[in-house]
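Starting off with a structure, shown below.
Labels run A, B, C, D, E, F, G, H, I and J following the written order; every chain starts at residue 1.
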């Protein structure tokens, strides 16, 4: 996986909401090797660090040739972003295009236990 | 009925929401033998197991030549998915296209009694 | 009136919601004999019996040449369906097309007093 | 004013909702004599009597050549309908088209004090 | 009928389009005496004269208590406006609200034969 | 069939368009006896006679308990209206609601051969 | 400023809602002298007096050549209407069109302290 | 394949348009055996025979368990309908739901060579 | 940065809401120097001072050639406006157009601690 | 590149239109190595051969890790499909998502010179 870079939250004394929408996510199905497509939404309240956008883009792109389940990828993105940026709260949603006539939406959340 | 396969929930320590939408469901009317059509929606929180998508597709396809009432099929899908994957919570909705000028929506829910 | 048939609720141990929408309802005005048109919506939780759809269609069609007030027909449908299927809860709504430049919506509900 | 006729509520033992929408209301401005236009909505729960629709249409039409303020007409309709049908609850709303570049909405309610 | 007044076309050397929309037209049905409602649209290219708006409003209001067929009223409005303002071209459309479950649109056009 | 009445075209010297839309048409299927529903649109240019609206409503209502194919009813309405009113041109369209999961649109036209 | 006239509330014993929308408000910018445009909404419950519509129109028109800040005009309208009509409650909203690429919405409320 | 029944065109002297839309078409992929779904549209001008709707429904249903390419099925439906009903003109369109992230539309036409 | 000017709140005794929407914001990416675009929304309740609109426009324009993170700019606008106008409450939202296939929304709020 | 497979056109005697829409196309930018995303539309009239859908999907997927200009990829797809299936006519359109705030549409066509 590409490295998620951060920069110092320029306003850590304040709880404010950061929301990124990435409609060009693609990975591979771990069973068939076929490409999957979807939109990843990330909504969080930073603590000391903000997620840097270009590294986030490269991080999401690094799934391009990975075989990974929908349920796994949404939780892994959440875990990696929590690990890199230590937010106060974060929610990740994956909305995937139809496969076999079915489409899927996965949603996972994290809250810092102070 | 086709077998519903599962895989280990990659993130069982977290309550997160999995939502599948299958707009190509078809079965047969138990009275007339005529085909019925509808959309099946499945929304759940996994415990130890996730429902595998390809087997879910094949499971739903196995109703293609079955005669079954709307009220029955929605509850049977819920029962079979609960039995196979033992979720923390699950809701199944069937939205069926008009027959005799009438359309029907059936909704059933399950909550694990810990 | 045509007979409302029922079949055994295949999953009586569960409270689940059944919703039928019938947009092709027609009856006659009891004053003028002119046809009235509207949509009948039926939403219920079955107890031991489910309403069979074909007989429901025929039951609703049997108002085709009946003279009946809007207020009456919605309550009679509710009474007849409650009588035939003994549901836990049921709501009937009639949305009628304009007559004399006015359109009407009538809503009636039943809850079983256990 | 035309007479508001009623008929016996066919189901007085039940609280159910009757909603009439009359988009073709017209009266005259009491200052200028110019025609005003609007939609009158009537929503009520009947007690022993229902408002008969044809007489309601004729009653609303009888304002056609009357000079009357918006605020007055909505309250008068409410008073006359309450007087004629003795409902358990009733709400009347008048939504009037622009005059002098301004449009107006007036809403009045009645609840029977048992 | 009220008089249709005109004023001199300030730019007669140019063919330009004038379009008036009057959504508050009402007259009476010549058979039943019941009120009819509709929108009158007038679109024209003036020659030497323009139709004055306040007199147009009063002219359309003068049908308020007239019994007149839809087909007649649209053509009469066209004839009266052509007679008063001698346009190069004019189209009048009447879009009437439903009566007996049917709604009607009538369109008539005039072109000056130079 | 109910009689189609006419009245003298008040403006026979002009070709203008009359368009009626009747969304509450219902007849019976000649095979099953089940009710069919649809919208009938009639668009014509009158010659000496116009179709009277109340008789048109009653004429369309007279199909209520008739068994008739879609293809037949659209052409019969056209034939009967042409016979009664001798228009310069007429088009009849029937847009029918789904039966057996299929919906149908039938369009027939007449032009007077002067 | 033009005078705001009132008339006796015809139904003072009842709390009912009066809502006027005036989309044609215009005043001048106090800095640049350029015209500003917006919609003024007034919603109130009358006590003994209702605001007369024609005088309200003229009152709003009297800002046409006044230089006044958005924040000021909304509050002044509220103050003047409260002073003239002594309502039980009143809310005034000004929604202004873009200036310098920015648009503004100002909202102020009054409640009578009995 | 089920038999396509016809009935005598009740108005063969007139060229009129018959348009059927069947959104519940399903067949099997000839490569994978997986179900395909789509909408079939049929638009034609009958000569001596009309296609009977119930047999058309059953004919389209008879593809339910057939393995057939999109390109083939649209042309076969056209051929079978032309063979059974000998129309003056006919067009068949198949709009299929996505498979492998791609959706397909196939259109074929026939004109009788008199 | 350009100076944010203020003027005396003309109605400081009242809590009312001021909402400005600036859809033409542009700054530079601090990493790449490329231009960023977005909409800035400012919603506040003034205390003794209101933000003057022309100076606000010039202030927002002064970011045109500044390299600044999304997270920073939203908080800096909030800080600068709070510092200049000392509001009772204020919220700033930045909605930025896609970069690298991702779009971002940042929201920050301030409440005066009396 | 993956091989484009074909199958015998089942109805070569007829000119009919085949239209495939592939909204999940992705390749790499030849300058930056960053992923590009777009929709590829293919519309053709087959001669002796039809393009097989699964191989078309795999062919389009084989651009996933290729660096290629928009202008090049659309023409190469057209060339490869023409070469493999020898159609009578074919058009390929690429509609690409925004890069640097700009989005692009490329269209190329082929006609067989008989």
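FYI, contacts are C-beta pairs under 8 Å (C-beta built on N, C-alpha and C of every residue); 3 or more make two chains touch, one makes a residue touch a chain.
All of these numbers come straight from a predicted model, not from anything done at the bench.
**Q** Suppose you list every residue number at the chain F-chain H interface; are over half of them used by both chains (same) or under half (different)?
**A** Since fewer than half of the residue numbers are used by both chains, the interface counts as different.
**Q** If you tally the C-beta contacts for A-I and for B-F, which one comes out higher?
**A** A-I
**Q** Between chain A and chain H, what distance separates the C-alpha centroids? Give it in angstrom.
**A** 46
**Q** Can you check how far apart chain H and chain J are, centre to centre, with Cα atoms defining each centre and the answer in Å?
**A** Computed value for the inter-centroid distance: 28 Å.
**Q** If you look at chain A, which of its residues touch at least two other chains?
**A** Counting only residues that touch two or more other chains, chain A contributes 23-24, 34-35, 37, 97, 100-101.
**Q** Between which chains is there touch?
**A** Contacting pairs: A-B, A-H, A-I, A-J, B-C, B-F, B-H, C-D, C-E, C-F, D-E, D-G, E-F, F-H, G-I, H-J, I-J.
**Q** Once bound in the complex, which stretches of chain A touch chain H?
**A** 34-35, 37, 97-98, 100-101
**Q** Enumerate the contact residues on chain J facing chain A in the complex.
**A** Contact set of chain J toward chain A: 23-24, 26, 34-35, 37, 61, 64-65, 97.
**Q** Can you tell me which positions in chain E touch chain F when the two form their complex?
**A** By the definition above, chain E touches chain F via 31-32, 69-72, 74-76, 79, 99-110.
**Q** Which of the residues in chain F come into contact with chain E in the complex?
**A** Contacts found on chain F: 7, 9-11, 14, 16-24, 46, 50, 52-54, 56-57.
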